[in-house]
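Below you'll find a set of structures to go through.
Each of the next two complexes has subunit A plus one more chain, namely subunit B in the first and subunit C in the second.
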Partner chain A sequence: MDFTFNEDQLAFREAISRFLAAELPPEVLRKNWETEDGCSRELHRKMVEQGLTGLSVPEAQGGLEMDDTAWVLLTPLLGYYAIADSVVDTAYTATGLLSALPEGDHRREELLTGIAGGDVGVAVAHQVNPLVVDMDLADVVLVEFEGEIHALNQEAVSYECNTSIDSSRRLGRISVQPAPESRLLENGRDIWAETLNRGAVGVAGQALGLAQRMLDMSVEYASQRQQFGKPVGSFQAVKHHLADVAEKIEFAKPVLYRAAHALANNERGSDLYSSHAKLACCEAAWLAARHGIQVYGAMGYTWEADLQIFMKRAWALDSYWGDRAFHKSRVAEAVLADDALIGPQHTFEE
Partner chain B sequence: MQLTYTAEQNNFRAEVRAWLKKNTPKKPLVSYDTREGFEQHREWECKLYDARLSMVIWPEHLGGRGCDLIEWLIFEEEYYAAGAPMRVNQNGQLLLGPTLMEFGTEEQKRRFLPRIASSEDMWAQGWSEPNAGSDMAAIRSRAVRDGDDFVINGQKTWSTRAIFADWIFGLFRSDPESKRHHGLSYLLVPLDTPGVTIRPIKALNGKEAFAEVFFDDVRVPAAENLVGEEGKGWQVAMATAGFERGLLLRSPARFQQTAKRLIELYKANPEVAERDPGLRDAVIEGWMGAQAYAQAAYHTVGLVNKGAKIGAEASINKVVWSELDLKLHETAMRILGARGELRGSAREAVDGGSWLEGFLFAQAGPIYAGTNEIQRNIVAERMLGLPRA
Partner chain C sequence: MKILVAVKRVIDYNVKVRPKADGSDVDLANVKMAINPFCEIAVEEAVRLKEAGTATEIVAVSIGPKQAQEQIRTALALGADRGIHVETDARMEPLAVAKTLKALIEKESPDLIIMGKQSIDADNNQTGQMLGALTAMPQGTFASEVKVADGKVAVTREVDGGLQTVELNLPAIVTTDLRLNEPRYASLPNIMKAKKKPLDTTTPDELGVSTEARVNLLKVELPPERQAGIKVPDVDTLVDKLKNEAKVI
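Up next is the complex of A and B:
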């Protein structure tokens, strides 16, 4: 029983953290966020060089074949630097789906190789998300159709673009007509169920990172901003707002780690743990936004303060890969079931 | 990350489960806030001690088993799942015990620790004074050095179950010129020493759950009864306060069991659930809170096993468990509705009034062991680095 990460995992996180800190100072981050497609092609190329896109691609397709417990250390970093959704959707969620397909399928191998090399972007259309994110950046879209898994080239899919309050997200209402040629797998229900959980855990990790970023920014602001001749962060009311955010973050972390472990090991409780993680991390992110803007005061309500980038991502991601109603219902279903394994003897044991 | 138990850990769990199944009293003990209940709970502690289960993390020569913290979590999970009695000597076992291990002389360890493990000695704590609550450094009770003795004068308050206890540990001002957290000494005082007067205070539940303790020229030998250095009591006490706030005092199992009982209560009352649809949310939030606390405990233990020290995180823990306990019991009271107010002695009380008793005790959680306001200040200043007031 060891609910911690090993030194290699932590060192990898540290390296990616240093890379993102160097590449994405706030002014660059803001510039990217305000561009038309919400991200920078040059940054994407550098992320490919760091091995990020090939992280969970099988070794046979040129990846590092790492599992969800490696990703769960990285998604908070991607959230911390407000990296656009297409990265996690392609390199984590879609890669997980494609890797789970039977080996030997040439389309599977072609796509995975493309993802590892940074040449292929994948959008995922799952019914839990009414709109598909970043269709315009994708080369291929994976579509759920009556339990089947289809892969369509982006040009073959017509979509109408909706804009989001989070400028890095463009949301497509797609209409597709899957055909036998686009089908990757006929019975893909189990893989889709796992993909939904992976999508939720990916968002949860980013939400946790967003919460940490907003907390760090709020602490810095409250330490500098003076009123009544003192930093506002010396006042107890302000301290308590930020202590509450720290509490939510610290207690969401292990829940997130638990969900990643369950996914990596195909545990029976995966639905429950990923829903719990999504709820806990997004709650931390929303509280960090609410208390963040309060601590910033009027500055927090401006376009000028960078806090808005993180708040808006936190608000938007709350409903991505399952809204609260969806995840709460799943938790309720699991813990209120007559054969639910709840209570102190079932923290880990199945 | 490796989330399975070893064969030894599973065997330990099975042993504890079997022992508790056989030995847990069928009928709940009388409340330990009464003389009769206090003695019943002391007997239960003796029974645990005889099975070397009272302090499993203590070394074998002190009556423990030298268990690591994972095994301690396992023990707690089984203990609360079995519905075994409340632990009556936590002051001694979780607060003073670890302090003596760190700061006590060899003689003090030999003399006190085994009797704490066995609960032959029951301990009360003497921190708070009428004018030193959250501001503990405002302590005024004095201990003046007179030859080989300290002579103590002053008053302590909120000493849990002090009218039934044998000893008290506490902080006293030993340097009359000193201010705040300097010049304090950590002393052990037998409660039957001449000059000690204990006046019980009735708690919210109507029972004499705590007391004021008056010291009137109370004489204790310095060599035997001073813990740590004279005048360095603050540092000694802070170590103890950390243990109290931290993991050990309120293990997650306690709240996981409450959350489980709450789910059962909710399912047994579908007509209330229908009238108040918000209850479902409160019930699952309760489960998620308890589960998150349990996972956080395993995470923390993993880090401690790799050499990390628990710092301001202990303060977050205290805020979390105390507010979780409140939420769980508030939800239970909402489900019970008009039956919620019934005392345990009432004929129509649900579950022997245990939800009401828990609800009352939960009110104290955000206050004792350092109020949650103080804990949030600690988190903000020491963990986040916000400027001091």
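Up next is the complex of A and C:
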């Protein structure tokens, strides 16, 4: 089996990486945090022009119809540059859900066309998330109600704002009683299950990018900050901290790629792989934040250090689309099942 | 109007360049490569001329190893219509590049040739001028503004004394400076579309061009590391050091 990414996927990563590196230095992020929305509409418009919002929208609705394996290289970049997670929710998670609906429904097609063109922001309210992200910015909320899939205009949903530790996130606790007119699908349990996995993989990708960013920042700081006449990074205690984070990141990558491959190919182990990816990537981000604070001599937590931007995002994402207990229990369930495909007799292709 | 744009594959500007262990050349192993920034500005200018309705076709040309096709694809994703790859593994010097471009110009008959003023690897700043001499075409180098009208191109050049505007009859050669424009990013849909655009391959031999080197590369090494500065207690010591150690006054 060929595990390498294809030319298109690598070219996409390169293009988005160049775009974000130029458009989103930390000072712009700080500026965005202080706006009412917590994000930049201008940056969002540019991301739409780049084609990011249409990446997995079907071609018939103006998108590129790429699968989860294309996103798995991009979500870490979105995390690396701390792009609002509503971008991933709309362009990846919600698009995946809408694309899975039966073709021919005009609301499905309208929404997908709107997402590709950047005209529609979609929030996803799944029961695993007690709070919905960026309710203020969403035009439409996809709501799970007793296994049904409903699409409601934002005005039709009443919600209570909830402060986040990450100033770019606008959380809302929604209360909704959907009417039959807003229903997109009566029996949507399988699609919701797939959406949960996609949401978890999207968060895992962002967490991996956040971990890498915090590691890069910590390495840079440790190379410059001098103590006893030499950079603090030359001391073994600091080196070990950073090496531990690098190891976590490298070991989380294949887990994430495996989960995306499983999702793209509708594999039966998708629940296990996406939970594993969420746990591994968030663990790397958590450790990168913790060790980053120490390498910065505890300064990393303060508002003045850019590290806090990425650290707070990592903390906020840690419980999004399922907390650790939820994902650990899913992994345990899969591993301990009687028919678990564990052991040397089983291969990746099963 | 047909525009020919030259694009060069160089080490990405973010990469710290290192010599090979034996000092024989720059180490390119596992190094990220990209389109030369000045060439990217050239592509952007050509695309803007096409968007303004002045140009009808943009041909992107690159001379180099097989991997140089990646840079042509980037140019195609930015808006060029087709590509020509002159494949060679030889170390191409400015004169050989100019001769190769001349052979392509004779074949393609473009009305305007836009290229970077220099590449960020060798920093020669020679190819555009040599091409002008070989083809006897007028040249507008270090362009910070380009206006095409009535079979002529007005080029505002950045020169030591300020800005100079020259008017050239077409066909002409323009080399780009940094402030000519700000290149766009290649969007994801355009990267996909670029894959379907035609890309022809040829070789210097087929074009009848010799790539023989005229300069011998003896050794590549890093510049000496800069010494740390010192603090002096008073002005007299400073003057003494400038006079006797640095010998600058």
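Methods note: the second predicted complex is superposed on the first by the 347 of 350 C-alpha atoms of A that agree within 3 Å, B and C clash if a C-alpha of one lies under 4 Å from a C-alpha of the other, contacts with A are read in each partner's own complex, and residues count from 1 in each chain.
Here is the rule we go by: a contact is a pair of C-beta atoms (placed from the backbone, for glycine too) under 8 Å apart; a residue touches a chain by one contact, two chains touch by 3 or more.
Since the model is a prediction, treat every value here as computed from it, not as a measurement.
Participant: Looking at subunit A, which partner touches more of its residues: subunit C or subunit B?
Facilitator: If we count touched residues of subunit A for both partners, the winner is B.
Participant: Which partner does A:12 reach: the first (subunit B), the second (subunit C), both, or neither?
Facilitator: Second partner only.
Participant: Just subunit B (first), just subunit C (second), both, or neither: which does A:251 touch?
Facilitator: After superposing on A, A:251 lies in contact with subunit B but is clear of subunit C.
Participant: Which of the two partners, first being subunit B and second being subunit C, lies in contact with A:336: first, second, both, or neither?
Facilitator: Only subunit B is touched by A:336; subunit C is not.
Participant: Identify the partner contact of A:237: answer first if only subunit B is touched, second if only subunit C is, both if each is, neither if none is.
Facilitator: neither
Participant: Quick one: classify A:49 as touching subunit B (first), subunit C (second), both or neither.
Facilitator: The answer is second: A:49 touches subunit C but not subunit B.
Participant: Identify the partner contact of A:298: answer first if only subunit B is touched, second if only subunit C is, both if each is, neither if none is.
Facilitator: A:298 contacts neither subunit B nor subunit C.
Participant: Where on subunit A do subunit B and subunit C both make contact?
Facilitator: none
Participant: So in the complex, which bits of subunit B are touching subunit A?
Facilitator: 1-6, 9, 70, 73, 76-78, 80-81, 252-254, 256-257, 259-260, 263, 266-267, 280-281, 283-284, 287-288, 291-296, 298-299, 301-303, 305-306, 313, 316, 319-320, 373, 375-377, 379-381, 383-389
Participant: What part of subunit C is in contact with subunit A in the complex they form?
Facilitator: Per the touch definition, subunit C meets subunit A at residues 73, 77, 185-192, 195.
Participant: Any idea which subunit A residues touch subunit B in the complex?
Facilitator: Touch list, subunit A to subunit B: 1-6, 69, 215, 219, 222-223, 230-231, 233-236, 238-240, 242-244, 246-247, 250-255, 257-258, 261, 276, 279-280, 328, 331-332, 335-336, 340, 342-345, 347-349.
Participant: Under the definition above, what is the set of subunit A residues touching subunit C in their complex?
Facilitator: Counting only subunit A, the residues touching subunit C are 8, 11-12, 15-16, 18-19, 22, 49-52, 54-55, 64.
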